[in-house]
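Every chain is named by a letter (A, B and C) in the order it is written, and numbering of its residues begins at 1.
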Amino acid sequence: MTDQVTVPAGSQRLAGSRRGSLVGWAFVTPFVILFVLFGLVPVIYSLYLAFTNRSGAGVGLANFAKAIDDFRFWPAVQHVAIFTIIWLVLLAVLVVGLTLVIHRIARRRTKAFIRFAYYIPGALAGASSVLLWLFLLDPSVSPVSWLLRLTGAETFQQVVSSERLPVIFALIAFWTGAGGWILVLYGALNTIPTEVMEAAKVDGAGPIRSAIQIELPMIRKSIVYMLILTLAAGTQLFVEPQLVSQASFGIVPNDYSVNQLAYVFAFGQNDFNGSAAISVLLLVVAVVGAALFVWRGKLFEAE
Amino acid sequence: MSSDLTTDLRRPTAGGSARARRAGSRSLVGIILIIFLAFFLVPVIWLLLSGTKSAQALTNQGPFTAGTFADLQANWNALMTFQDGAVATWMGNSVLYAGAALIISLLVSMPAGYALAKLQFKGRRPLLLATLVVMLMPATSLVLPIFLEMNVVGLVNTPLSVILPYSFFPFGVYLAYIYYSTALPGEILEAATIDGCGPWGTFWRVVLPLSTPVVALVGFFSFVQNWNNFFLPFVMLPRSEAYPMQVGLSQMLASTPTFNPVVGASAEVSPPELVLATLVSIAPVLLIFIVAQRYLVTGLTAGATKG
Amino acid sequence: MRSSATGHGAGNRHLRARTAAVGMLVGVLALAACSGGTTVGGTSTASDTSSPYGFKAAAQTEGAPITVWVDSTRQPAAKAFQAAHPDIKINIVAYDGNANGSNTFKTKTQLFDRAGSGWPDVAFTTDNNSAAWGSLTGTAALAPVNKGLIPQASLDKFAKGALDVCTLDGVAYCLRNDLAQNVLWYNKKLMDEWGYTVPTTWEDYQTLAGKVATEHPGYIVGTAGDAWTPEIYFWAAQCPANKVTGPTAVSVNTADPACVKAAKLLDGLIANKTMSTLSLFGPEFAQTQGDKVLMLPGPSWYGGAVFQGAIKSPAGQIAAAAPLKWADASSPATGNVGGGAWWISSHSANLKAATAFATWVTSQSAFDGALVPTYPANTAAAADWVKASQKDGYYANDIQPAFETAAAQVWSGWGSPSFSQEAIWAKVVQAGMTKGQTIESLLPAWQAQVANEAKALGYTVTTP
């Protein structure tokens, strides 16, 4: 280690040097290989598709114009916007709140059981749950028929009518997604040293105050990460409307969300260029949102 | 290591009212937790009960009635003999693909997350940024290029065509990055360096043993994401013997009269059988969760820098 | 970056970055080149009159193994072929067969087109509009069958009009597996008990429904809760809502009197509650109305899938009558709901084996002793099938005359475009019906959606 530059006081990073840089690259090279193969090249390829036509000739923004002019585009954007707002707020507030609450439970077994129980729906993805939603959303056979009737719907087709859909999708997405994020935030909470929590208690901080002033700031990066991915997942809504579309035999259309429209462009209309254009639009939205969260949440800074 | 209410009670309290207040807030908390428990579990309980019913019973009996053991047996036998034991093959395939990808992605993601958090190298920030951007790209747009790539190297229709893309797990790299950058004190690394550990030795012998929670987390999420992935294997694996369980489930769905009226009695899958298939397909995920959960609660730095 | 970069180091960094970028670009361009594949949109060079097949086939290899895609219902057929023809090597791949509109065949074929390889030699799908995208003027993925590939004599063995669904500009691309001609199903026991005569016209059917509404409320004479409702009622009325006039041209006019009359019929019956708006295969129908079916216009496969399957009507009650006709129609016409077909790939390296397979499986009415579940499109096989399926005496009358009459009456003016008419009906009309609107009031919206979706797919749309 003799060619290492002395570590400046307070810095927690092994100081830079050519050897240090090589070492760093040695650690990330396997990931970078996979990243290039399955991340970077596909994204660049999609960008290439978005600006060219079927024969490979450049067409500028024509694909984007075609996508935006499509008669299904703006309704889909509306659907996704409403859904994302409901979804983001629901997830952010409830997941953080529930994790804090679970973290304070006394008994280890109860905690473990609750985390497990809250997670189980997360294992139910895709084809398997179509049947589940077919039954769950049908007031005549659903285990929560009283809840459905409360909203004024008497038949399955009424339950999936357009006004209710954003809330239904948000509930489904929350049901499957919350457990996983609770796990992540729980792990983050665990990294807070006990001394800090004890000190807070000694200072007389009640559970709510110590949560807001101590715990939340210390798991800030995980929360920011969650918000970034949740915003992206919200704007890229796909699975829930696809499931309910299948379960409703088409009454809920399969082009409800923007991401579904991208799929329809690619595999329904054989228009991979238009599909790539829509994907790029979604990416831009997600990146702008992420930039906002990263900047305010200081995700990339060292601690 | 959790800060819990039992420590509260052991401290001298201000008086009975404070205790009553705490008890009140505890029961409020309990009620909230139970409401959400019901929210998450009611559909799952419905699933469990439905697997024990016959198709008639499923539509005619109430949602929370239990079926009979005989019906459960019949459903199970029908499930296991579907397409000459396809379900067992599919489950085995899923285990292979998700398991192999789990190992590779852990081997790849943990060092990468550590380096991004703690090592200095040119391109660190661009790599972080690029990884995040790639993570935000809608997955539908990535399938075609990956399919073409695999086709070029002739790997389509082999397990590798699925395992390799699965092993690219930026979500896990970020989890590791966040974990190491917030919870790994630099003093430990300095101590290791002073003790004569090279960078690799530091990682392998000092950091990793302290990383069980994040390894469990990353491993678990990698397994689940790949276990539940439908579209990639759907595109890459044309032979039905190579399907993982998710693709197989969609085939079973296509044989259920509710979704495909003309399937014909010989090939038919009844809804309770489909429910049972679903339960079978989520069992490994839940098992791995239970295993991973034990490691999640171990503390990170207990004793590492004390003394 | 906090690194202490020397000039040398900085130069290296730039060089490395540039190399990486170039490498990336090369990779992407390589992908782009490989994905050239077939372009969509008019390549008449695929047609080839000098070839014995009528199209530019791939290089043929005698004895090459063929890959066959089947759904679980057709797997016995593929296995039976394997057993009966041990000299032909076939790989059987099971997939969903496009059930529930999954579009798997289309999706995968498009990917194979881009990659330039991987197509199955023969595929079964219930996606009858495959010709709309796979024809010679489309992606040319499908082989024309009536330009030399299959002798006309074999093609004539299919029922009249059976190949219409996959015929574009006179070129047929499939071998129809089964028909789904609409007949009038009815409960003979109840009809006799209540002294009703089986109607032969839609007008009589309407009158009878009125009687049922007052005399036996709760009983239904039809359902309009599934996405194929227009294929039963509007197709039979010869409503020009789905006229495919060319490979990329469609004409739609839902204001036509034929459409309006069918819509009025449905609205009236829904209003007097003799027409159910529940889906036949959802959980609620079997529970609440399964035993209240007096009449049910619908396809031939209702016999097995609905009466014996979903609602489990007791034996000896259900009968089939010839399809209803409108009194003012020039010729009797009925609709068709589904039926699958076998498609041969134009890229197949062993067309001989592929055609042998497709021809053989469509000519059988039973495999390994088990009857196929639906009415075969091959006339001879159909006759055998009808006889055999009545052996157990489930039906209350001889269904053969009704089935045969209906098979010849399917109106040819309802086409199979690239977009899904069923999906459009579900998301526009059914969604509107749920909100309480009448079908007649939804006709303009239906037309608008058809026009929009067709245009999005590159069709020229003619509306009045």
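Brief remarks on what is shown
Throughout what follows, contacts are C-beta pairs under 8 Å (C-beta built on N, C-alpha and C of every residue); 3 or more make two chains touch, one makes a residue touch a chain.
Note that this is a predicted model, so its numbers are computed, not measured.
When you average the Cα atoms of each chain and compare centres, the chain farthest from chain B turns out to be C.
Of the two chain pairs examined here, B-C and A-B, the one linked by more C-beta pairs in contact is A-B. A separation of 37 Å divides the Cα centre of chain A from that of chain C.
Between chain B and chain C the centroid-to-centroid distance comes to 38 Å (mean Cα coordinates, whole Å). Chain A and chain B have Cα centroids lying 15 Å from one another. Among all residues of chain C, those that touch two or more other chains are 1-3, 31, 100, 114, 282-283, 287. Contacts with at least two other chains are made by residues 58-59, 120-125, 144-145, 148-149, 250, 253, 258-259 of chain B. The set of chain A residues touching two or more other chains comprises 16, 21, 40-41, 45, 134-135, 141, 246, 249, 266, 272. If you check the complex, the residues on chain A that touch chain B are 1, 7, 11-16, 20-28, 30-32, 34-35, 37-43, 45-46, 98, 101-106, 108, 111-112, 114-132, 134-136, 141-145, 175, 178-180, 183-184, 186-188, 190-191, 193-194, 197-198, 201, 207, 218-219, 221-222, 225, 228-229, 232, 236, 238, 246, 249, 259, 262-263, 266, 272, 275-276, 279-280, 282-283, 286-287, 290, 294, 300, 302-303.
By the touch rule above, chain A contacts chain C in their complex via residues 5, 16-18, 21, 36, 40-41, 44-45, 48, 54-56, 70-72, 134-135, 138, 140-141, 155-158, 161-162, 246, 248-254, 266-270, 272. Considering their complex, residues 58-60, 83, 86, 120-125, 144-145, 147-149, 151-152, 156, 234-235, 238-240, 250-251, 253-255, 257-268 of chain B touch chain C.
Residues 1-3, 5, 13, 30-31, 34-35, 67, 71-73, 75-76, 91, 93-97, 99-100, 102, 104, 108, 111, 114-118, 120, 126, 180, 280-283, 286-287, 301, 304-306, 308-310, 338, 340, 370, 372-374 of chain C are the ones touching chain B in the complex. Note for the complex: chain B touches chain A at residues 1-8, 25, 29, 32-33, 36-37, 39-47, 50, 58-59, 63-64, 107-109, 111-112, 114-125, 127-142, 144-146, 148-149, 164-165, 167-168, 170-171, 173-175, 178-179, 181-183, 185-186, 189-190, 193, 196, 198-200, 203, 213-214, 217, 220-221, 224, 228, 230, 246, 249-250, 252-253, 256, 258-259, 271, 274-275, 277-278, 281-282, 285-286, 289-290, 293, 296-297, 299-301.
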